[in-house]
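Each of the two complexes below includes chain A, the first together with chain B, the second together with chain C.
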Partner chain A sequence: MRKTLGMAALAAMLAGGAQAQSTADEIAKYREMIADGNPAELFEMEGESLWKTPRGPKKATLEQCDLGQGPGVVDGAFARMPRYFADTGRVQDLESRLLTCMETLQGIPASAVVDGDWNKGERKTMDALAAYVVTHSRGQKIQLDLANPQTRRMYELGKRAFHYRSGPMDFSCATCHGEDGKRIRLQDLPNLTHKEGAIAAWGSWPAYRVSNSQFWTMQHRLNDCFRQQRTAEPVFASEVTVALSVYMAATAQGGVLQTPGLKR
Partner chain B sequence: MANPMRIRAAVKDGFTEVRVLMSHVMETGQRKDSSGALVPAHFITELTAKHNDKVVLSAQFGPSVSTNPYLSFKFEGGAKGDKIVVSWVDNKGDSRSDEAQIA
Partner chain C sequence: MKAVSILRPALAALLAATAGLSAAAGEDYDAQVREMMQSSFKENGIASKYRQLQLDFQKTCSALVPPSAEAMRQIEAEQMQTVRWPADGKFFGDWKEGEKIAQSGRGLTWTDKAGESNGGGCYNCHQLAPQELSFGTIGPSLHRYGKLRGSDEGMVKYTWGKLWNAKAYNACSQMPRMGDAHILSEAQIKHVMAYLFDPASPVNQ
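Moving on to the complex of A and B:
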């Protein structure tokens, strides 16, 4: 009798394990099914035409925008971002650099995006532009210039911000993203303090989210992490958001970009 | 006017596989906006795919199809360079037609 019970308990344990395993497998299967038709491509197409369309008070295109590889070079630019730009004297991520280009080339004020709402107006334009740029770094290795002292400084700042606890729940980024095997509902949370997790995260954002049919940039993703911590949401393209991106990208150094990603 | 579709078609072992990604809100008419008002239904109702001038697929879509729908299908025949035309009409009378060549 005792033996039977023991067997039953063991069977139950195995079944529990198998179930957790199959849930992860089913999600992986689902991803595979929808990966073929990633609607991020629609945003990429829109972004490409926006890139080449004269807009703003100066009626200019973004074809002379310098993303770090020279004016107009989009290929591989995202794989090397965030990076230090001598003309602005700042380390910039993709979105903040696009803001600079929109302002200097097209005369569109940065406030149109910074003070805007998600999925509306110029912020929506930003989503499409980001989709276009990141697609042209897909399959390339993440290669940040960590020898640059400014980038280095931002890395240290980002690392501190990542572990800084705040808000009514005393959360930091590390509370959810500092250990292996954590999840929210059925969504596995990557451990961003290790290379593997950082590659999974940094390498697959910006992404299209199937659950709400929206395309999210890293700026949007970070903002929502702050919101979920119930703490103050950062200003669009502010120093802390760029610093966190530098921290993630540097941790993911050498990993291959799968951008734009596809999320639930 | 609606945004363009992305269409890809490839022939393999005598069958052509067509993959279409459409840009459409596909509103069901059941959702409410932040002020509590119903968001009017807006979805694709009919879709037609042609190989050269021959219809190879015609479908009726409804509100249960997702935003930015993805459609994949196969038909027998087709050769490299042939023309594939996909067009849709929605319940507001808007329409879109795009074409691609079989690779």
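Moving on to the complex of A and C:
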């Protein structure tokens, strides 16, 4: 009930509209109102349940999934991701690591997520699992292992991918996210090339989005950025998505995670 | 003391080797990124994989180090060659149509369909008419564009050229090449021109 009232209040504030100011203030007020009731909690609870439920051809749970802190350790795992995993020989973000666990432990093929549709089937499962894992790093500092040469390499690739201009509109990530204090329409744009903006962004995704009542992972966020950038579509959990995640997380190094976040 | 003098040349050699290595690695990263920007993407609807390839100026303007003044001038001269002036010599359409084009940010994403007419997305980045409060700030305010700048031939042609291909005037401009990249048609650009210059347009109020 309280959430319903909150939504209505936000809708009224946004509609009350014609504000010359950005929507940031209204969103901040809304965040305060539901501080102990982010709708992302529902996804987190579902994710915890999915984590502990035997699923897939192997009828196994994810309780032995190694997110980097040892099998089954969820606390603090997301704060150290993306990271290099020796068993796959790759730097993996949370979603690509969950794909590995689903495949190896449960026998669910990665293609069920990679070739799936947003908010459906195993991709929806992934949303809930991500919500569960990131909640257990909330309040912790972002601490990437930048001494690792593989992670370092992904940082360098991510930085270059961030500035890579192509497509019919000549855009790169930096077109919108390379300067302080810019907006598209009324939407504030974080500067992801500096620490403060990177903390605001990396530190608050995945997030519940009020405008469409959906829970979005960073994979989903990046996908929609590229859509609006007018590129071809990035493959789910592909190298570019992990490289950009390393670039953002490394730039946000030391910042405190507020995950899962709450967005417009 | 002796140890230092022995070490010094060794250190110099090591530093030189490291510098060579990091330069080589830098070039390597660029090649790896070009490969990654292909392999990590797939075609979806109208958004083909060709979009992942870079035009020469896109590549130059993506470098982590900004291009030299000379490189910028060369890009600008090349891009100027792409500007197509109105076939009938008329630069202005209907400002009311121009307003619709300025308001619409639609087009060219993988959720858009081929053959639909695109918006100009002007308000995404620019302030224009004062009553529209939902405007972006990536580009400068264009409020009172025609009123402040006048409408002599030089200003009209500059504006047409800027809309057709902004890179002809600023090599690494953030602004899309509306005409050159077939985002807007010649007729649509005429409407946007009227929206910017017409004394009756809300932009000039």
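Quick note on the criterion: the second predicted complex is superposed on the first by the 234 of 264 C-alpha atoms of A that agree within 3 Å, B and C clash if a C-alpha of one lies under 4 Å from a C-alpha of the other, contacts with A are read in each partner's own complex, and residues count from 1 in each chain.
Heads up, the rule we're going with is that contacts are C-beta pairs under 8 Å (C-beta built on N, C-alpha and C of every residue); 3 or more make two chains touch, one makes a residue touch a chain.
It should be emphasised that the depicted structure is a prediction, and the values quoted were computed from it without experimental measurement.
Asks: Is A:Leu42 touching anything from chain B or chain C once the two structures are fitted on A? First, second, both or neither.
Replies: In the superposition, A:Leu42 contacts chain B only.
Asks: Looking at A:Arg83 after the superposition, I want to know if it touches chain B, chain C, both of them or none. Which is it: first, second, both, neither?
Replies: neither
Asks: For A:Ser213, using the defined touch cut-off, is the partner it touches chain B, chain C, both, or neither? Pick first, second, both or neither.
Replies: first
Asks: Tell me the contact category for A:Ile184 with respect to chain B and chain C: first, second, both or neither.
Replies: second
Asks: Looking at the overlay, what does A:Pro168 touch: chain B (first), chain C (second), both, or neither?
Replies: In the superposed model, A:Pro168 contacts chain C only, not chain B.
Asks: Of the two partners chain B and chain C, indicate the one touching more residues belonging to chain A.
Replies: C
Asks: State which residues of chain A lie in both footprints, the one left by chain B and the one left by chain C.
Replies: none
Asks: What does chain B use to touch chain A in their complex?
Replies: My answer: residues 3-4, 6, 19, 21, 23, 66-68, 70, 72.
Asks: Going by the contact rule set out above, which residues of chain A touch chain B in the complex?
Replies: 34, 36-37, 39, 41-42, 45-46, 210, 213
Asks: Show which residues of chain A lie in contact with chain C when the two form their complex.
Replies: 18-20, 153, 156-157, 159-161, 163-172, 175-176, 179, 181-187, 189, 227-228, 230-235, 238-241, 243
Asks: Under the touch definition given earlier, write down the residues of chain C that touch chain A in their complex.
Replies: Residue positions touching the partner: 25, 29-30, 32-33, 36-37, 39-44, 47-49, 51-55, 58-59, 61-64, 108-111, 123-125, 133-138, 167, 174, 176-177, 181-183.
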